[in-house]
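Okay, so chain A shows up in both of these, paired with chain B first and chain C after.
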Partner chain A sequence: MNSRERALVSIPAGEIPGRIRSGELRARDLAEAVAARIERLDPELGAFLATTPQQARQEADRVDEGVENGKSPGPLAGIPVAIKDNIVTAGVPTTAGSRILEGHVPVYEATVVERLRRAGAVLVGKTNLDEFGMGSSTENSGFRSTRNPWNPDRVSGGSSGGSAAAVAARMAGLALGSDTGGSVRQPAALCGVYGLKPTYGRVSRYGLIAFASSLDQIGGFSRDLPGLALLYQAISGHDERDSTSADRAVEPVPGDGLSRGDGLWPGDGALSESGSGASLRVGFAESFLAHEGVQPEVAEITRKAGRILSSAGLEVQDIELPDPEIGIASYYLLATAEASSNLARYDGVRYGNRASGEGLEGMYRATRSRGFGAEVKRRIMLGTYVLSSGYYDAYYLRAQKVRADLRHRFQRLFESVDVILLPTSPTSAFPLGERVDDPMQMYLADVFTVFANLTGIPGISIPMGLDDGGLPVAVQVLAPAWREDNLFAVAGVIADAVQLPAWPDPGEEVR
Partner chain B sequence: MSISRGEIEHLASLAHLEFSEEEIGGMVRDLNRILDYVECLEQVDVEGIDPASSGGAGTPLREDRVLPGLDPGEATGGAPMAERDLFKVPPAIEGE
Partner chain C sequence: MSTATPLHEKYEAVIGLEVHVQLRTRSKIFCACPAEYGGRPNTRVCPVCLGHPGALPVLNREVVTHALRFGTAVNSDVAGLSVFARKNYFYPDLPKGYQISQYSRPVVDGGRVPFLHQGEPRELRLVRAHLEEDAGKSFHPEAGREAATLVDLNRSGVPLLEIVTEPDLRTPGEAHAVLERLRQLVVYLEICDGNMEEGNLRCDANVSVRPRGQEALNPKTEIKNLNSFRNVSRALEWEIKRQGRLLEEGGDLEQATRLWDASEGRTRVMRSKEDAHDYRYFPDPDLLPLVIDRDWIDSALGSLPELPWEKERRFVEEFSLPLEDAVILTDSREGADYFETVAGAAGDPRMAANWVMNEVLHLVKESEGKWSDVPVNPGNLGRMIRMIQSGTISGKIGKSVFAEMAGSGKAPEAIVKEQGLEQIQGGDELQRVVDEALASNPGPLEDYLNGKESALQFLIGQVMRITGGRANPQAARSAVKKVLEDRRGGKTP
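For the complex of A and B:
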């Protein structure tokens, strides 16, 4: 690989628009470098289900022309962005990682994609995922698994594994994913990149192929915080077409270029709760680290993050979080119930593939049984059971009450702390094939992430370096609803103190 | 609580899915394992708690005005089988 290509693809996303505006960088050159890198690396990694190099070139040319004509090219000008394949892109195949939608080409565009295009971003392709967002390793994709760019024998996490891997491998500057039970944060942790799940309602779900409508939220990946902030600003905000999207302004976050000098940006001075002058209070759940299944190095870097924040003047205090098993149990009842309803539409009638069977009912059964993978079928069955008469009260209704209780408990927690620090994933990336036969084992990858989806609060995964096996480890920070600004602020403090390793060149090292 | 084979077959018909003998065995095992795990919810005191439905605040309403949508050609264009802007499906069989 030539050093010019490496230099181009390594530019942090947050720096790209500025360099393009100044004429120092041409969007077209960056698009070409990224396309070449994808072509070379992706056959092995499997991060992409579809690539759009032609479209990317055209979009890049438009950005360059705009600059030449003195027009302002948009806040994300020229940034190569990858989109998880459960987000619809007009004219570009969108499969949700499922055979049942193989070949499906949407006739409309997701709101987030429209917003990215308007902001000048260059779309490079659609990324691999666990089918319909169901999974934590991308091994449930109907097409292929995505290898971890740091070690090809390991998973990239899921369900947004393709997006996380694409960014870690520098095949994109930014990527979109979706997070229903941790599907942005967990793969971000396993791939060593930043991953943000905004507050439920912050980002429009119009055009996101639904898995669990009360839990799904679109989020983003980046190798740098300013890039993540730009992405967050571009996609957030009310959308009339999604009635669950909040009708409220999107406040600035540190790094988005809008808020330097107001005391929020770590470099600006004392890190404070906006305006109040008090230092941010961090809740640390030491008891969580003793949870069965937490890798010792993960516990250690979580404590290290706590020490970093403490040294920076933040007040770190011990808190008691709800039992993670309660989170997993209620999540898997509620998410599967909603999924069984949302996936009823895949019936071979209006879109996707159809298999033949006897009559209409036979066609439905054959289509769905052949088109859906094992995990999807498992979850549809569980969801159907949980909602069925005789079991609804014992399972679904009870889980809803537990969810309401969790919301109240987190609201009370946030009365005494501003953010919560905990691990993202209990372990670093596990080997491909290790958990495919044990669904319950796979579900436990989400122990620390489901709380944010159940309660609607935002969360970010912050890379902390590598474990002794050379695999990324990360911590997670949670904040109350609408306080993404504090997530970015805390992430900034940690980023200033942690030396991240050089980004991997998969397939190009001598092993 | 545990799921029986008979219940699996009933659920499958509700969900419009069909399974081989082997798959049914696997489904019984997997679902029962999950149901064992979720027993822990029995321990949570939910007395007097109002079940939450969604995270959002109420149901926003909009004015009743006609907005453009997909045209029939676009809407049926991606279907496995379509004719004259209509979705084409096998006949439902009576008295199955």
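For the complex of A and C:
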């Protein structure tokens, strides 16, 4: 790898459009550098299920032509973006990480992908994931695992492990993921990058292959906050093709550099002034850190984050958070119930891989037995049980009530604080293979992230550096619905105070 | 087999209906595909109604408006908040592996439908009516080594309103009458084409038989695959007999789903209680709860046409028609409007009713039920009737004028004038004809004078023949009689 390529792929995403507009940088050069890097690093890392170098070159050329012709090239001009493979891309195979959709080429495009293209982003490929979003390590992918760029023997987290790893390894400037129980925030934490789950309803789910419809939300990864802000602005906003999409304007967030008056984005208006976030109140649950399974260094950097915010003039208060066990229990009842229904369409009749069997039932059994992995089957069975006659009230209904109660509790918490600070993942990246045979242990990785999905509130994972083992650790900040601006504000304060390590070059000698 | 007491005296049938009405909207219920019938297979489809990965449903509000029209027409409670639920099961023509339907909060709750059975006014109570999406169609071509099932998803996502009645019905005849009334209602409301053969109105019947006097309901049988009103009655008749005999032999009824086999004329078991599906209903998280506000309900209420039973009542009161005539004339809105135009122009509703029922209905049948294609203009018919009333033409001439109107489309005044069809009411013209009739028929004249009264009729008939029907029958009768009486009395002219 030469230093020029390295320099190109290291440009923070937030700076790329500006440099392209000024003519200092050509989108094509960046696309080539990224493509070369993917080709070299990914066989080992396994972040991508499909790459689109041809398309990327064409899109980059279009951006460059636009600049040459004096046309405004879009807020994300030239940024190489990777897309989690459960987000539908027209003409490009989309598998949801499952053999049942191996080779499936969608006939339409997800809203978020349309919006990225219109913004001038350059799509570099589809990233690996736990099958149908079910998992916390990307080991449940039907195809392969994704290695952590910081240590190849460790997981990259899940379910959006491919996207997190791609960004951390500088094989993309930004990436899209989806977060149902923590699947953007947790891999972001394990890979040392920023990961944002917006408020439920903020980003259209049209074209997101559904896992749990009332919990899923598309989110994004970045190595820098301005890049994340640009991504957030590009994909957010009402979509009439998604009935759960909120019909409300997208307010600016710090660092999004929204140009005024060009009418491209909703929420176009004055830039937020909260660079320092001095007036925010932070809730901190010290008792949470005593939770079983929390790695001591994770507890330590969470306290450190608290001290940083305090020094910056934010008021840090002690709060009591609901028992995470309640969160996990209701999450796994509701998510699996919805998943059992959402995955019924994979029956081999209209698309995907059909296996033959005796009669209709035989065909269904063969197709789904062979096409689905073990974790998916587990969750379908669990979810079917939860909804079945005689059990609905005891499980599904009760879980919904718990969920409603959690929503109220968080609303009350946010009366006295503006944001909540807690860990993202109880541990740094665990070894590949360590938890595959222990689903319950795997489920506990979500213990701090499921609250945001159950209550719909937004959350961000903020990298805090490395632990003694050289693995990334991170903290999480939660805010009330629609207050992503405060997430960015707090992240900005922490970013200013924390020195992040150099980005890894997995398997490379640095010259 | 002979029993001391006939079965139908010992037992009674308890019948309820589930009627699926395909709502006539421009697009499907959750996507923008056209909702029309037909089309080459799998051409009216999109990622949403195909259940592609990542696709999401968006509610078509016109569908709800149609449901509200129904709900307000039957005086039901319309829910302020209605919820869509997923009904989960696997079948190749069900793309998502679940049907979006409604479970605990249907859009329409309760309701009453007045109907007539054997001339008696009755009222059917509804349990509810809810919205759901239709599935596609499966075709099973010739079985054989290459046997396969073909699936056409054009129909997937077409909006349905499922109407569930209380088990208030006791005979197949009542079920038939109720079905007719429901069909009529949805056509009146313009929410459905009401065509069972095209599949836009479908019916499943639930029936259980119990000993008369027993209050508790016995387990019911659900009968499916009923594709015409006649088959509904036939199937119910057969099933009631089957259940009656079973009970008589000391057996127990079991809850089951049976299919009607029209060619064999019997029902067969499709699913027993053990095989019954557990649909695992839960609220669909892709759709928001439907808020139906007062404005929406009021606008549906305000847009209702006069309902069939209201029109029946009005025709009886306003036009002094017998109920059974009112029923025939109000069968469709177009027919009723046609009749009212005729009656208005004629000034004589009863006569108008007779003409419409006896003469126009044929023509309607010939134009395949389309009143707009009837070749006789209702205003013209009305004025023609007025001409009969005023004696300008006779009723008999009226019939040929009617035929001429149907053939040429000309106004009655023009036809009568052109063909010189005015009635001969009396005077010299009539007298001349009478004289001619008597002169040409000395035999009958002789017979009458010799006491054969029936010869009178023959002679009147001759007058009618000579005038080509234009003579006023009463005047002809008086004129002939007078001359004959004179002759009898010896007053020879």
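Here is the rule we go by: the second predicted complex is superposed on the first by the 487 of 511 C-alpha atoms of A that agree within 3 Å, B and C clash if a C-alpha of one lies under 4 Å from a C-alpha of the other, contacts with A are read in each partner's own complex, and residues count from 1 in each chain.
Heads up, the rule we're going with is that a contact is a pair of C-beta atoms (placed from the backbone, for glycine too) under 8 Å apart; a residue touches a chain by one contact, two chains touch by 3 or more.
Note that this is a predicted model, so its numbers are computed, not measured.
Undergrad: Does chain B (first) or chain C (second) touch A:R6, or do both, or does neither?
TA: neither
Undergrad: A:E325 in the overlay: touching chain B, chain C, both, or neither? Say first, second, both or neither.
TA: first
Undergrad: Once the structures are superposed on A, label A:R303 by its partner contacts, choosing first (chain B), second (chain C), both or neither.
TA: neither
Undergrad: I'd like to know which partner A:L208 touches here: chain B for first, chain C for second, both or neither.
TA: So A:L208 only meets chain C here.
Undergrad: Under the stated touch criterion, which partner chain does A:T94 make contact with: chain B (first), chain C (second), both, or neither?
TA: So A:T94 only meets chain C here.
Undergrad: When both complexes are superposed, which of chain B and chain C contacts more residues belonging to chain A?
TA: So, of the two partners, B touches more residues of chain A.
Undergrad: According to the stated criteria, A:Y392 is in contact with first (chain B), second (chain C), both, or neither; which is it?
TA: Touch status of A:Y392: second partner only.
Undergrad: For A:R62, decide between first (touching chain B), second (touching chain C), both and neither.
TA: Neither chain B nor chain C is touched by A:R62.
Undergrad: Quick one: classify A:A337 as touching chain B (first), chain C (second), both or neither.
TA: second
Undergrad: One more residue to check, A:V349. First (chain B), second (chain C), both or neither?
TA: Both partners, chain B and chain C.
Undergrad: If I apply the document's touch criterion, which positions on chain A are contacted by chain B in one structure and by chain C in the other?
TA: 104, 106-108, 213-214, 240, 243-244, 340, 344, 347, 349-351, 360, 364, 384, 388
Undergrad: If we count contacts the way the header does, which residues on chain C are in touch with chain A in the complex?
TA: 47, 50-59, 86, 88, 90, 92, 95-98, 149, 151, 153, 278, 280, 282, 285-288
Undergrad: Applying the document's contact rule, which stretches of chain A touch chain C when the two form their complex?
TA: 86-88, 94, 96, 101, 104, 106-108, 110, 205-210, 212-214, 240-244, 337-338, 340-341, 343-347, 349-351, 360, 364, 384, 387-389, 392, 396
Undergrad: Touching chain B in the complex: which residues of chain A?
TA: 104-108, 200-201, 213-214, 240, 243-244, 246-247, 323, 325-326, 328-330, 332-333, 340, 344, 347-354, 356-366, 368-369, 372, 377-378, 380-382, 384-385, 388, 391, 394-395, 397-405, 407, 439-440, 443, 455-456
Undergrad: Which residues of chain B touch chain A in their complex?
TA: Going through chain B, the ones touching chain A are 1, 3, 7-8, 11-12, 14-19, 27, 30-31, 33-34, 37-38, 40-41, 44, 46, 49-57, 59-60, 62, 70, 74-81, 87, 89-93, 96.
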